[in-house]
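Dropping the structures in below, format is structure tokens.
In the two complexes that follow, chain A is the common piece, with chain B as its partner first and chain C second.
Moving on to the complex of A and B:
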């Protein structure tokens, strides 16, 4: 009964936001141009990094394309869901409209995280998938069902880690309204995920695994897709994903206990 | 004889008051500005990748060279950030621009002063981050000569002015369209990839390098960063390019402001 109700609500949410966004059709052209431009620039910089050599941190050109593709995919996911929803939490806190959200007979984290769906991230999603497919095909790695399955699961857990980080940072605005741009900082530092983690100096690698887990978002899933995934990295990623999802849930409940509404 | 002098005095008083009020205002938002400063770490991340790649070594760039270049690019980026369009768009759409128009001061000066004040607020945070870098690896920092520092800061201000004018021009589109900021996002792409922020211009293939140098973008990062990091640089060419682009964009901004303000019809105008 309950999951059914949530699914129906979600459908209504997304249809209504698609309808309101379709008013701005010129945006589609602009977004496509932005995605193409960004992708061309990233591939260009990658080619500069590869000039005169055949590997970057032990990754070949085609394998590095898979990493870049997954980055583009997750960036599209961010534009589709994370950015339009989570960046509004601070406005709700500032203007007191969070009260109305809390009064609704629906889970508040669900409402705040999934209320809007922006179609403008879709060009990024598609471009990312194309890039991943191209890299996989050219790399010559045997394409096996189980590595694709594992890779897919790890991409989803990477997205879950990304979501939990964004949501927890956005939830901080319950205490500090002025840190509304903390999520922007996150977005700018996640750019590091464009390249395989092993391309960085050892100290930075540690940061990218434990502090700012970009390794689990692009490098680990790419390895699995290329059939070179190791079970302990996969287990680590799944553990990190479920841990961070639970942590974000707990953190939101904790934050709500400190929420005092705008007028009180 | 006295009129131009008193005008100058009045202008300097306005400038002083504008800057000090905007500085006080920005200080209130220092936590936010610290976070914005943190979000400018891209050149440092790129330094990490370039160090591991070895592509720069083949071009004769030593590790030290590379480190100084990207740290300089990081500083240049910190002090040439322009966010005019986001504020201006909101002010146009919500009609906040109307009261500014009543004052005997071109409203763009107010935004310009806000940017300068924001830069002043950033100084301690950038110094802290540089100290942090020195703590991680003392080789990342170096001491530029006085001439390098002076010329570098001049080029940095030129770069900031150029970026401000370019964004002012796109901001004027707010008078015609509700989504001018989306267009500005497109302009960020060539800035990102052609300015030398993510890859030194020396590593570009010759044809692309020539193309990049024909655009205003390398003057925004590559030129000041090269001066600051003490690399060989074509000084007169760089300053000339800054000057030409500013002279080109300045009148264009003025013209589109005059045309745009006639169309402005937000609340209360």
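Moving on to the complex of A and C:
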């Protein structure tokens, strides 16, 4: 590993992808509109869920806003990095351009995961942060350094879990070539993370913890931010994040052994 | 790599692919969905060769012969099923950094340049990936651009470049790290005659300047005849010929073409004792004469007939290969 070379490469990657994206300025306006529209929709549904009751699965309105904020933040991260990079893996395999990545003296997972940076996810990141701050302030929960730190770490591990799942699904394209549907299903399942996991029926809750760990992406970090974090959940989340990162790495190496390269 | 060791060594190189078989039609599709049947296809079997540093070798064969599969094994993209392989002292399938820094693979039908941006942006990405500093990058870009006769094209978005300009830029991006081994898969595919000649000249120049080893596949025999003294002919996954192009021609065609222009017309039967009459038109005769009897036959023809002009040629290599491959296709079907 050569940190300097990787840092220089990442800089070049992102400069060139920003230059590419700057050819399509209208996208920024459309993306801002999409974020505002999506947020308005989510807040409206949340208000419907709260109509006639003051809590949703034990969460107050303001606390639920924190969950929604974290979801928006994660969605912005998805648009900035995951979507533009990981969705290209399938194309690389199908068109045979993965060959060029594999021939470079640089980690192929690093290349495939960070090659592009799309600025269009930034409105989501900003909106998410504002929503989290608003929810936290209005909920009246004491804002403490250690809860912010724990919450932040848990958000990062949530993002790491999401990345690993998505990357591993995309790696399946080495065998099955077309796996767009699977990655789309993953992205739409994430929508479940807009609301606290405890708002769902028990069976779904189990799915969101053990099968598609949506709970670790928004609900658990929100609890920590609100000062109600449990160290058990936090430890579980961190364990799951490191486990899934290692697994995605191992799985990619395994997949590459089976790579046959698209024929010419 | 110890001195005097070959740059590329392949011993008994084999690659078998598992392919799913599907019958045509709806029933076939249903059966394919429920229970897939697989078949092993040997793309390359037992190929051995040695290439010394600095050699330029042509890699010939019809579509599906195993050329690209071999190139991909040599560059470490796919793992061989059997045999031993060494390139620049490395085992390619391990894809070690030091190995990847010494090789490049250029594919005429695929491109690595970013479509919306000028080639320079992709080239700078490569410079960062290979850890080449800014000054050195600039120097190398200007040297290669001179050799390739590339100028302001490097500043124009790739999508606005012609196919020839794009291939030249692609070559620049692929050679920036100055690889010692070049694997070129159809680098002149789709290019017009001028652009083909430019790319050929460049490759010869690069090989001379940097002593690079080049393994080149091409459907254009012109590329091979212009650049490579030695050819490897791969056919149905096996090595059919390894040696000089000329030797391949004599092997494929034990005949030479003798074209005669005569002062007066003779009947076809008059020439049949000298060889096979390929064409006969009043004063012009085209004969296929056995190589071993060429000198005596030519002498006899000159004595017997009033010859105005006489020309001895090898049959075009394209024709020879076509007949070899179609003969094999017929024997496959039989």
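Everything below uses one rule, namely that the second predicted complex is superposed on the first by the 262 of 264 C-alpha atoms of A that agree within 3 Å, B and C clash if a C-alpha of one lies under 4 Å from a C-alpha of the other, contacts with A are read in each partner's own complex, and residues count from 1 in each chain.
Everything below uses one rule, namely that a contact is a pair of C-beta atoms (placed from the backbone, for glycine too) under 8 Å apart; a residue touches a chain by one contact, two chains touch by 3 or more.
Just so we're clear, the structure is a prediction, and the values are computed from it rather than from any experiment.
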item: Partner chain in contact with A:100 - chain B first, chain C second, else both or neither; value: second
item: Partner chain in contact with A:199 - chain B first, chain C second, else both or neither; value: first
item: Contacts of A:23 with chain B and chain C, given as first, second, both or neither; value: second
item: Which superposed partner A:191 touches (first chain B, second chain C, both, neither); value: first
item: Partner chain in contact with A:45 - chain B first, chain C second, else both or neither; value: first
item: Touched chain A residues, chain B compared with chain C; value: B
item: Touching both chain C and chain B, counted on chain A across the two superposed complexes; value: none
item: Chain A-facing residues of chain C, complex; value: 17, 68, 72, 75-79, 95, 97-98, 100-101, 103-105, 107, 109-112, 114, 116-117, 121-122, 124-131, 185-186
item: Interfacial residue positions of chain A with respect to chain B in the complex; value: 24, 26-27, 30, 33-34, 37-38, 41, 44-45, 48-53, 56-57, 176, 178-182, 184-185, 187-189, 191-192, 195, 199-201, 203-204
item: Chain B to chain A touching residues, read off their complex; value: 29, 31-32, 35-36, 38-42, 45, 48-55, 58, 136, 179, 182-183, 185-186, 189-190, 192-193, 198-199, 203-204, 208
item: Chain A residues touching chain C - in the complex, by the definition given at the top; value: 2, 4-5, 8-9, 11-13, 15-16, 19-20, 23, 95-97, 99-100, 102-106, 257, 259-261, 263-264
